[in-house]
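Structures are listed in the sections that come next.
Okay, so chain A shows up in both of these, paired with chain B first and chain C after.
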Partner chain A sequence: MFETWIQQLVNGLTIGGMYTLVAVGFTLFFGVLKLINFAHGEVFMLGGFTGLVVAWLAEDLGLQSGLLIIFLMFVISMGVCAVIGALMERFAYRPVRGMPVLIMLVTSLAVGIVVREAVKEFFPEGANPHAFYSPFKYDSFQLGSVVLDYTQIGLILSSIVLVYGVYLLVAKTWVGRAMRATSEDLDAARMMGIDVDIVIRNTFFLGSALGGVAGVMNGLLYLSIRFDMGWVMAIKGFTAAVVGGLGNIYGAMFGGYIVAAVEVLVVALIPEGSRYKDVFVFLLLIVVLVFRPSGLLRAPEKKMG
Partner chain B sequence: MLKRTLLIISTVLMTGLLLGSQASAQSYKLYVNLPLSGPWSSFGEGMFNSFKLAIDQGNASGVMGKVKLEVVRGDNAGDSAQAASLATKAGADSKVIGAFCCWSSGLALATHAIYNRYRLPTILGGSNDHRSTRPFHKSAVIFRNSPYDLINMKMLATYATNYAKLKRIFTIDDNTAFSVTQVNEFTKAAVKLHGKGRIIGRESVQLGEKDFTPLITKLKTMNPDAVFYAGHMVEAALFRQQMLKLGLNVPMMSSGGVFSNTYIKVAGKASEGTLASFWGLPLDHYPEGRGTAFVKAYDAAKFQDPFESFGPMAHAAGQVYVQAVARLAKAGKVTRKALLAELNKGQYKTTIGDFGFDEHGMLDILHIGIFRVENAKWKLLYRTDRAATKFQKIAD
Partner chain C sequence: MPEVDFIDTQVAREDTRSLVEKARDRLILGGCQVALFAAFLVGIALEDTILVTGFLLLLIAGAIGWGRMPKLNRWAGARLAKDKRFARLVLIALLAVFPFVFLDNPYLIHLGALAAIFAIMALGLNITLGFCGLLDVGFAVYFAAGAYMSSQLAVMFDVSFWIGLPLGGLTAAFFGFLVAWPALRVSDHYLALVTLGYGLIMNLLHRNFTFLTHGTDGVINIPPPSIFGWDFVTPIEIGDLELPFQMNFYFLALIIAVLTIFVSIRLRDSNLGRQWEAIREDEVAARCFGVNVRRLKIIAFSTGAFFGGIGGAVFAHMIGFVHPDNFVLLTSIMILAMVIIGGMGNIAGVVVGAVALTLIPERLREFEDLRMLLFGGALVLIMIYRPQGLFPNSRRRRELQAEKINTLIAQSGRDDAEAPGLPDEVKV
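Take a look at the complex of A and B:
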């Protein structure tokens, strides 16, 4: 029984790590632009597809080293997603910047649909799920009766390291200071000489690159990707970010693990609980929005970082 | 002057020819209502292409005389509201004489009354829920060219308990109408055969879910000797991979939402041993090499997406329409009413065999089998009769 709970803990940490990587993007966009960017789920999906294309090319080129291929998948996916995120900002969000939040929200939904359907139409067999490349495909090991694999460990560690890295960037560097200033008051930041366009572009660059990491990680972990996988992850990532506190980097991680913990506990403890697991997650979202709208970790007066 | 006269004469002649050709060709529409985007679009695209292929072949053959059929591409995105909207649009268009819908059982349930309201003959491709057709509703315009879950779930339950001798089966649905009904009917059939003890529990997952490890960890503690996963292929592939990873190495049974080459491709090695009850046969089992001829024609048409497991049935539905309309064209009366009457009485020669529709609109031949993945291919193990009582062994 004890080992079953340890296994459930591992399961929860893995799911939470994935939600965290997506939630950080949501929290960055909201922090700087007050934008709930639902297209971030599609950037996550693009990260997975880019990683797959890189793996195909690497195999065509005869690359043998699995670790090198994975490294290339991460680097190139981050780059591609960062550029696509920046392009989204330039051509979709900048024209509606300053308009009511609802317009920006609808714009993000529309951008998401365009990206999703483009992959479906133009990627070879885009409507179909694709098996993902992984050198660790069937490599798992046991500690007692607890099963672990390298991708799970990589995911849990990378989510923690990346969140800490983003925190350092936002809290300790000039770039982060400009982001925080823009988040605080866009017009005041502009008057202080900050080029807010560049700050916002950098934020999209960073958040989308993290989406790319999450997309590749998702492929490595679940070994398949599909054009419509972004939406569910966007909803869960958004929920995690809100529960932790939109605009708070650590809040995204905290929210990711809380959402994962709720899912695991409901499945493990309630008979036929898997049916209700999303009900409980969204109930948590509603409770947080009603009683602590700034999130569990975010003091009402605090902003990014 | 001569030049101008010639120009006027040639213009008049050309206009006359154009009008004449329009008057001589009679064009009617067949409205497709399938999931061409969204999570089920791989099935939908394959079905659309296969259906269109049959219509294109019919138009090219000249079998319908001056009548031409046009296929309207309707994308319901796997959503019942959109499917209902498309059904209404099809019904209201007087040029539409028939429809092909829906793949998903839930969408078939959501649209049958609409098609009936417009008296628009509709062939269901794939929708396995028995409630999609008569006598479980009164919409007399609905036909199906595949059998329903009452038969294939009875077959699967009989196979699982009597042939595979499974004693502790855990069932999982994915909350769709199709999946919930599959588990309901499977459970009813298993309980009828052996009492309640064989089904040890039930859980539900969500479409789009990727991580089933908490559920599988829980299942492991219950020691099932098989899991019946009545959902759809992507989630099933992930479920199977995670079952094996966590050491739950027992057979996984499935059904039409999983029976697909894409499932094997996505699940990889983990797919080996997966069982499925499916309402179709391997293509080389269809009569007179028609299955392989279909594959050849599909390949030659160079569609982007594969025809998937429901392609042959969709092609057969298109062939039914072509042959029915050809008979109506010969009689000089191509209308919805005439087409409905023709579907009710006609016999049709199709890719999946020669058949007609019975008094409830169900095809009167039965292709249903138990398959198992072996060496990355679905291998047919057993076939059954219409009552799912006699099993014909095909392979071990």
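Take a look at the complex of A and C:
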């Protein structure tokens, strides 16, 4: 019994880390643009596919070290997704900036469709699931009576490191300061001499890069990626962002783990729970939106909406 | 008395002149309608994919050009306004005649029926979104409610379509009522997220509540509607002429669509419609003037959902097969796009949007999945270049212009008071 619970805890922390990385993106975009970027899930998916391409290339080049390959996957898919995210911002979201909610919403949904269908069409065999590369498949070690998976431990650690890095970036550097100022009040930030366009671009760089890393992690964990996996992750991600309070960067860092906890508990406690785990996540989304719209970790002085 | 005589002839002459003028106007108006309709039909019915694609590109160019020519716009608008009733009659006549021209092409008639069904649903969403301004991204829920209710009644309990149809609509209205309760407490992005989550939950339930929906097996063998023992799939024969059975469904859907349009117009012009409009424009102000915002929003959700359910019921009995894949998020986005592309709040625009978005993807089947890519790209471009839709509601157009100017002012970084062409409504 004890072992199962530890195992569930490890599972929860692994997927929670991924959700958190995606949620930070959502919350950053919402902060600066007041836009729920539904295409973010597709950026996540794109990250997975970029990682796969990197793995293929590494194989061609004859790279042996698994750790090096994973590192390259992380870095390159971060770069690719950052650029894609910034391009989306420049060509789709900037023209509709400041338009009514509906217009921005539909734009982001449409951008998502474009990215998803482009991967499906133009990636070789894009419509089929692809096996993901993993050097440490099923490698595990024993700790007492608990069996722990290397991949999972690695993913937990790297997501914590990344989230801590984001925290430092947002809280301690002037880039993060400009970002926070812009999400607080765009016009006021502009009046203080902040180039808002650059801040928004930086935000999309950062958020999309995190989404891309999460895509690679997803591949390493489940060993299979599909062109349509982005959408589910998008919903989990923005549920996490909503739980933490949309626009609240620190909240999103915990929201991911809360969503993961709900999911793991539903699977563990409810018979046939794995079929209904998504239902509970969406219910969490609705319940939080209705009863605590500024998030569970509400900062009292912050006015939302 | 010569004077009187003179006046009489004068009046008579004016009368004949006005009659002649009226006849001429009607001829021009009706001629334009017939020509446009015929051109559209011929284009849509083209066999060759390349030709169809060319035609669609032409159509898009035409739509863009139309937006760029305010003079022509105003001319057509004035013509239409002068004789609205006549224009409507001509349109209905054209729609009624259309299937008889394509007797040898039942597929096209089937598409016409499908377009009418989606028009019914888009008009439903138009009530929620266009009239009352409530963002509903989960419209497929109501589509599904109507389809499952009426089809399962027919399959499991042998209930007639004519009872299943209103029951399907009412079930959908109930689902609209269900989401209205949480939706009342939130707005804007949050409302969009709530309805989106609702749509996703319901779709998962469609897949997993197998005892109600048969899950991913879908509901099969849904009987077609029948009147007095006559099945809708039995072709009508007039003399030697056998009319394709798709025509029966086409007329069924067309009649319901026309009824929906009628109800929409009456709702828009009613006390209810005015109050919805007030809520859409400014909720706080509406509340101050004594509008019962809570009650009206619930009514808006349920009424819109009702038509979604009606569309769903007709759809289920026409296709004969209902599957959860019909009610995914993409369906909701599609219906949303119909309303937005047509022009939110404008009934004619919404119908045009629904027809266009049903027919065009169907005719581009040759392109397989590439058409979804095209759809997404086109939607982005429309949002950027024509967010008010093809036939915008005049008030919404002004709003969007004001917002755009505000953004431009904000983006330029300078707050020059002498920004050109600043409308009065700009709220800074």
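We adopt the following convention: the second predicted complex is superposed on the first by the 297 of 305 C-alpha atoms of A that agree within 3 Å, B and C clash if a C-alpha of one lies under 4 Å from a C-alpha of the other, contacts with A are read in each partner's own complex, and residues count from 1 in each chain.
Operating definition for what follows: a residue touches a chain if its C-beta (ideal position, glycine included) is under 8 Å from a C-beta of that chain, and two chains touch if they have at least 3 such contacts.
What you see is a predicted model; the values in this text were computed from it and never measured.
Visitor: Assess the superposed three-chain arrangement around chain A: do chain B and chain C clash, or do they fit?
Guide: Superposition result for chain B and chain C: clash.
Visitor: For A:Glu117, select first, second, both or neither according to whether it touches chain B, chain C, the two together, or no partner.
Guide: In the superposition, A:Glu117 touches chain B and chain C alike.
Visitor: Let me test your reading of the model: by the given contact rule, A:Ser65 touches which partner, first (chain B), second (chain C), both or neither?
Guide: neither
Visitor: Where does A:Leu285 make contact in the superposed view: on chain B (first), on chain C (second), on both, or on neither?
Guide: Touch status of A:Leu285: second partner only.
Visitor: Contact-wise, after the overlay, does A:Arg97 reach chain B, chain C, both or neither (first, second, both, neither)?
Guide: A:Arg97 sits against chain C, while chain B stays out of touch.
Visitor: Applying the document's definition of touch, where does A:Ala127 land relative to chain B and chain C: first, second, both, or neither?
Guide: After superposing on A, A:Ala127 lies in contact with both chain B and chain C.
Visitor: What is the contact status of A:Thr173 with respect to chain B (first) and chain C (second): first, second, both, or neither?
Guide: In the superposed model, A:Thr173 contacts neither chain B nor chain C.
Visitor: Kindly classify A:Val264 by the partners it touches after superposition: chain B alone (first), chain C alone (second), both, or neither?
Guide: The answer is first: A:Val264 touches chain B but not chain C.
Visitor: Would you sort A:Ser140 into first (chain B), second (chain C), both or neither based on which partner it touches?
Guide: In the superposition, A:Ser140 contacts chain B only.
Visitor: For A:Arg275, is the partner it touches chain B (first), chain C (second), both, or none of the two (neither)?
Guide: Touch status of A:Arg275: both partners.
Visitor: Could you point to the stretch of chain C, among 187-195, 313-321, 331-339 or 403-411, that collides with chain B in the superposition?
Guide: Of the candidate stretches of chain C, chain B runs into 313-321.
Visitor: Following superposition on chain A, which residues of chain A contact chain B and also contact chain C?
Guide: 117, 120, 127, 231, 275, 278
Visitor: Touching chain A in the complex: which residues of chain B?
Guide: Within the complex, chain B contacts chain A at residues 37-39, 41-42, 44-45, 175, 201-206, 208-211, 213-215, 217-218, 220-221, 233-234, 237-238, 241, 245-247, 262, 265-266, 268-269, 304-306.
Visitor: Looking at the complex, which residues from chain C come into contact with chain A?
Guide: Touch list, chain C to chain A: 129, 135, 137, 182, 185-190, 192-194, 197-198, 200-201, 204-205, 208, 329-330, 333, 336-337, 340, 344, 369-370, 372-373, 375-377, 379-380, 383-384, 387, 399-400, 403-404, 406-407, 410-411, 413.
Visitor: For the complex, give me every residue of chain A touching chain C.
Guide: Touching chain C: residues 30, 34, 36, 92, 95-103, 105-107, 109-114, 117-118, 120-121, 127, 187, 190, 231, 235, 238-239, 242, 246, 275-276, 278-279, 282-283, 285-286, 289-290, 293, 305 of chain A.
Visitor: Can you list the residues on chain A that touch chain B in the complex?
Guide: 1, 4, 7-8, 11-12, 14-15, 18, 117, 120, 124-125, 127-131, 137-138, 140, 145, 147, 149, 218, 222-224, 226, 228-229, 231-232, 263-264, 267-268, 271-275, 278
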